[in-house]
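Each of the next two complexes has subunit A plus one other chain: subunit B in the first, subunit C in the second.
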Partner chain A sequence: MIGWLLAAPALAVLALAFVWPMAGLFRISLNRTTETGAMETALTTESYAKLLGDDFIRELVWNTLLLAGSSAAIAVALALPVALMVRAASPRWRGPLALMAIAPLLVSGTARLIGWMAILGDNGLINAVLMGLGLRDTPYPLINNWTGVRIGLVESLMPYAVLVLIAGLGRLDPRLEEAAATLGAGRVRTFLRVTLPLAAPALLAAWLLALVLGISAFITPRLMGGGRVFVLATEIYDLALEYVDWPAASALAMLLLGGLVLLMLLRGALARLGGRRA
Partner chain B sequence: MSEAAPHLRLERLSRHYAGAPAPAVDAISLDLPRGALLALLGPSGCGKTTTLRMIAGLERPDGGRILVGGQDVTALPPHRRQMGVVFQSYALFPHMTAAGNTAFGLEMRGLGRAERARRARAALEMVGLGALAGRRPRALSGGQQQRVALARALAIEPELLLLDEPLSALDAKLREGVRDEIRALQQRLGTTTVFVTHDQTEALAMADLVAVMNAGRVEQLAAPEEVFERPATRFVATFVGRAARLQGVLEPGGVLRCGGLALRSATDLAPGPAEAYLRPHRVRLLAPAEAPPPGFDNLLDATLARRVYTGEVIALETETAAGPVMAELHAGADEAWRGLAPGAPLRLAFRPADLAVFPAP
Partner chain C sequence: MICWKEALLGLAGLAATALPAAAQDGNPLTLMAYAGIFRENYAEAVVKPFESGNGARVQYFEGGTSSQMLGTLRAQKADPQVDVVIMDVTTAALACAEGLVEKLSPDTLPVLNDLDPQARQAGGDCGPGVTFDHLVMVYDAQAVKPPPTRFEAMADKAQKGAVGLAAPPNIQGLALTAILAKAHGKDWKDISAALPALKAMAANAQTFDPKPDGYSMILNDQIRFATGWNARAQLYHDQSKGRLGVVLPEEGTAFQINTINLVANSKHRDAALAFIKHALSPAGQKAFTERMFYGPTNTKAQVSPEAMQRTALAPEYRARVIGVDWNEMLKLRDNWNQRWRREVISAAPR
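Up next is the complex of A and B:
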């Protein structure tokens, strides 16, 4: 009872700032867009039907999943050595190392992306070095394309993957690796036969979180894609502000939200499964 | 190799953790013959587990050498040392079955699938778990997990078996049975074994040799009876078993002047301030007119202060002119003795050799 009371302010904010607007958004998604582009109050699923039947939207879903899935996988693969290093560090260094790994979160995402532009752009650091050394005559396109978006996304997802992996690996008893060593397993075989299988649930949890964050990412595709990379999040923005088709934008937002909720439920189910097995 | 050559030899083995005021292990040297079981006994923080981990290669010594069968293994990583280790928490691989755990070390040695399965099964049968080979550790009881850990360590036919408090996680009732099983198995296989424990009963019951450790040093290395009956240091006298402490001044001829009494001892210590330890089971209670048996040259008049019934023995705490002295009665003693109440006068006798005398600290 006291728990509910203490949670009441947060719940009120959540209701006011999330549930209420979401309900409004859902209501708009049921409105109709007339031939002239004006919004007409109605109760119809026309916008949903239109979106689900649209080949371009289907391509966007595929592109978004591919981008977020691959970026999440790369981010988790890069985060694993970092998390293993934090775990292996002495207790005194564990805190500072973990803080360093998640330090990018302390900097605004937009500022970090502008930094990436300075590095990856046609006149940026990398191309300047490549051309200065005579390795290339023309700049290598690292920005305003899928590569640029993927680089930006991997970098922004990594701190989250590191956090999830540190928490997950923390429950892994180092005695197990010592036992493997005394039984004759060298470092590589200990990693492949003991550490990696036992870290699998944590890796999956980290990937799913990064996937969800990657799917809903907006600023990175917008800035690093230079208007040439289209994903669901940018499409919602375009529908709302370029085409001023609010019902369609709302419907797409609702569909995306539904998909993300499904993924989070899957993550919870997998976590429970992992908890029972470990 | 001759019978006398040690199978395990530690030479001035040391470990000093950065930032710690004193070394965890301070220049330990000891020899262990092939097939023997050594118990490292001591309070927590005495360095016994660090010593075991250095032997296993899991901890790097700061100084000294470890020799196994005459070979210096100090620089070898753990996976090349042939040590079977049973961890306190067992450290079974949760994603493998009992058979998979037991076969792991054999797989690492490159044995074929059939040979691995055969030897893993044999090892599990040896610890009485052949029927549970297909179970994951989670589906096994604590005692069964302990046996799998033992089978896994023995399956590789190790040079040394290293046990880190292997009984501490078991129920008190199970502990004694498992203790005797481990000892019987170890003797049958003839595996040289090092066993870490803080439980003196475990150490005394299982070991061929007991190393009593304190503050990173070995205080005494001897057979269990020797450690218990003839403690080499004040620490051993107090840590292993119970003993009354009598403080006084040692005079020439081994006479301890103590509370106005002259107690005879067998020590050859130089005269000076001293203290003596007297174990309760060495103290003989005399009936009012009873003459002390031959050799019981020390006689004390005492008053019973407290009587503690512990089941098998009745512990008696008495006051004497020399200080508090402990005695004990077997629970099967005569009614007249068992009925003693606090305040009752007693006559105590003990032999000079029963006093373990050390210079005063």
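Up next is the complex of A and C:
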């Protein structure tokens, strides 16, 4: 009882800032858009039926999963050495190193993307070097396509993956690795046969968190996709602000939210499993 | 008792000083319209003369895009905080259909009788057209020589990676499609006639979503060609001392019309009607056209020939304007959007 009382202010804020707007969004999703585009108050699931029966939306779901899944995997793969380095560091250096790894989160995501646009653009740093060295006659397209979006997304997801991995790897018992070394296993073998299997739940949890964040990412595909990258978040934006079809935009947002909640539940279950194994 | 009275008076005084300055200035009417250079110029050319001529105050509220303004109107339907709204014709049609803006007739607003028929028709029963703008091609005048005259210059193989096209559902992409459909076929609604030309241009496209916009990308050396709206393009042309070239292409152009609307249940209805009357008057129209090169919708506006020459209403350009029915476009755009994605954008990978 006392726990509920203590949580009451936070729950009230959550209800006001999240549940209430979500309820409003759900209500709008049940309205109807007339042929002229005007919104009509109604209680219908027409928008949901239209979206679920649309081939293009299915294509967007696939695009979104592929982009977020691959970016999350690359982010986790790049985050693992960083997390291992932090784990191996002396306690004195662990804090500053972890802070450096997540430092990108201290900078606005939009500002970071604008920086990427300056680096990856046709007249950007990388193409200037490539062309300056005579390796390319024309700029290599690193932006306004899927490659650019993936680079931006990996960079933005990596700090989150590092955080989860630092937490997960911190629970591993170093004596197991020491035992493997005592028994004659080299560093690589110890890593592959002991560290990696034990870190698997943390890796999966990191990938799932990055996946969820990647699926809902909007700014990166919008700014770095050059109008060639279509994912669910950009479609919601177009439906809401270009088509002004709020019922459809709300319905798609609700469907996306439902999918993300399922993924978060899965992540929670895996985290619990990982906690028990560790 | 006296102490209580003094305390209450003191509190009232504190409350009065804490109130926003706007509220103390006689509760001004609120105009919601575009931000940036539109605001800068509209406030100077139209709002300030209205304020000085009528002794009224206008609070300019930057509403973002037209669809964001529609969102504001929807959210404030029960208690509108805005009195007058300027938004594009397609979004205004939705606001009119949803009863968010009032119907207007010459009985309440005689100036409607002086408007160009297209401006009158644009708003349907609600607010009429207050500005005419039109699609143009903008280019880097330093890098592209001789100056291009047709949209098809964007399909020149030498411009590979140097073109910024705004794809549908962006209104520029819809207008470009309609213009090319009309130029290569007979009917602006027949997208099939436009597709070959669009694919040829798309092959050169660096982006189908220029950010922040085509004008800035050209001035920052990122691209050499883009589509744009005439009024802003003319202003950037002047500001860049001619670096940004502007051309009304031979294939044609289409009007983009902004309408001015009286918000339903406005709290300052009479003042709002007076402002709309001023905005549509020959003086208001002349001032804004000469400042920002939007075409006037009032046929009695005596605009200088130099300014008129930089709008699509100049005699030599009028024939190039194709009549796009934007309400009809609302029914076509979903199909056009899909065809762009599947046949134009997907055929131009990077």
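Going forward, the second predicted complex is superposed on the first by the 273 of 278 C-alpha atoms of A that agree within 3 Å, B and C clash if a C-alpha of one lies under 4 Å from a C-alpha of the other, contacts with A are read in each partner's own complex, and residues count from 1 in each chain.
Simple rule for what comes next: a residue touches a chain if its C-beta (ideal position, glycine included) is under 8 Å from a C-beta of that chain, and two chains touch if they have at least 3 such contacts.
The structure presented is a predicted model; accordingly, all values stated were derived computationally and were not measured.
Asks: So in the superposed three-chain picture, is A:G184 touching just subunit B, just subunit C, both, or none of them (first/second/both/neither)?
Replies: A:G184 contacts subunit B only, not subunit C.
Asks: Looking at A:A15, would you say it contacts subunit B, subunit C, both, or neither? Reply first, second, both or neither.
Replies: A:A15 sits against neither subunit B nor subunit C.
Asks: Kindly classify A:P197 by the partners it touches after superposition: subunit B alone (first), subunit C alone (second), both, or neither?
Replies: first
Asks: According to the contact criterion defined above, which of subunit B and subunit C contacts more residues of subunit A?
Replies: C
Asks: Who does A:A240 touch here: subunit B (first), subunit C (second), both, or neither?
Replies: So A:A240 only meets subunit C here.
Asks: Return first, second, both or neither, reflecting whether A:R175 touches subunit B, subunit C, both chains, or no partner chain.
Replies: Once the two structures are laid over each other on A, A:R175 reaches subunit B alone.
Asks: Common interface residues of subunit A with subunit B and subunit C?
Replies: The answer is that subunit A has no such residue.
Asks: Which residues of subunit A touch subunit C in the complex?
Replies: So the residues of subunit A in touch with subunit C come to 34-39, 56, 121-123, 138-139, 141, 144-145, 222-223, 225-228, 230, 238, 240-244, 246.
Asks: For a test of understanding, state which residues of subunit B touch subunit A in their complex under the given definition.
Replies: 56-58, 77-81, 83-85, 87, 89, 91-95, 104-105, 108-109, 152-153, 156
Asks: Which residues of subunit C touch subunit A in their complex?
Replies: That would be residues 65, 67-68, 70-71, 74, 90-91, 93-94, 97-98, 160-161, 166-167, 169-170, 206-209, 211, 221-222, 327, 330-331, 333-334, 338, 341, 345, 348-350 of subunit C.
Asks: For a test of understanding, state which residues of subunit A touch subunit B in their complex under the given definition.
Replies: 173, 175-176, 178-186, 189-190, 193-194, 197-198, 277-278
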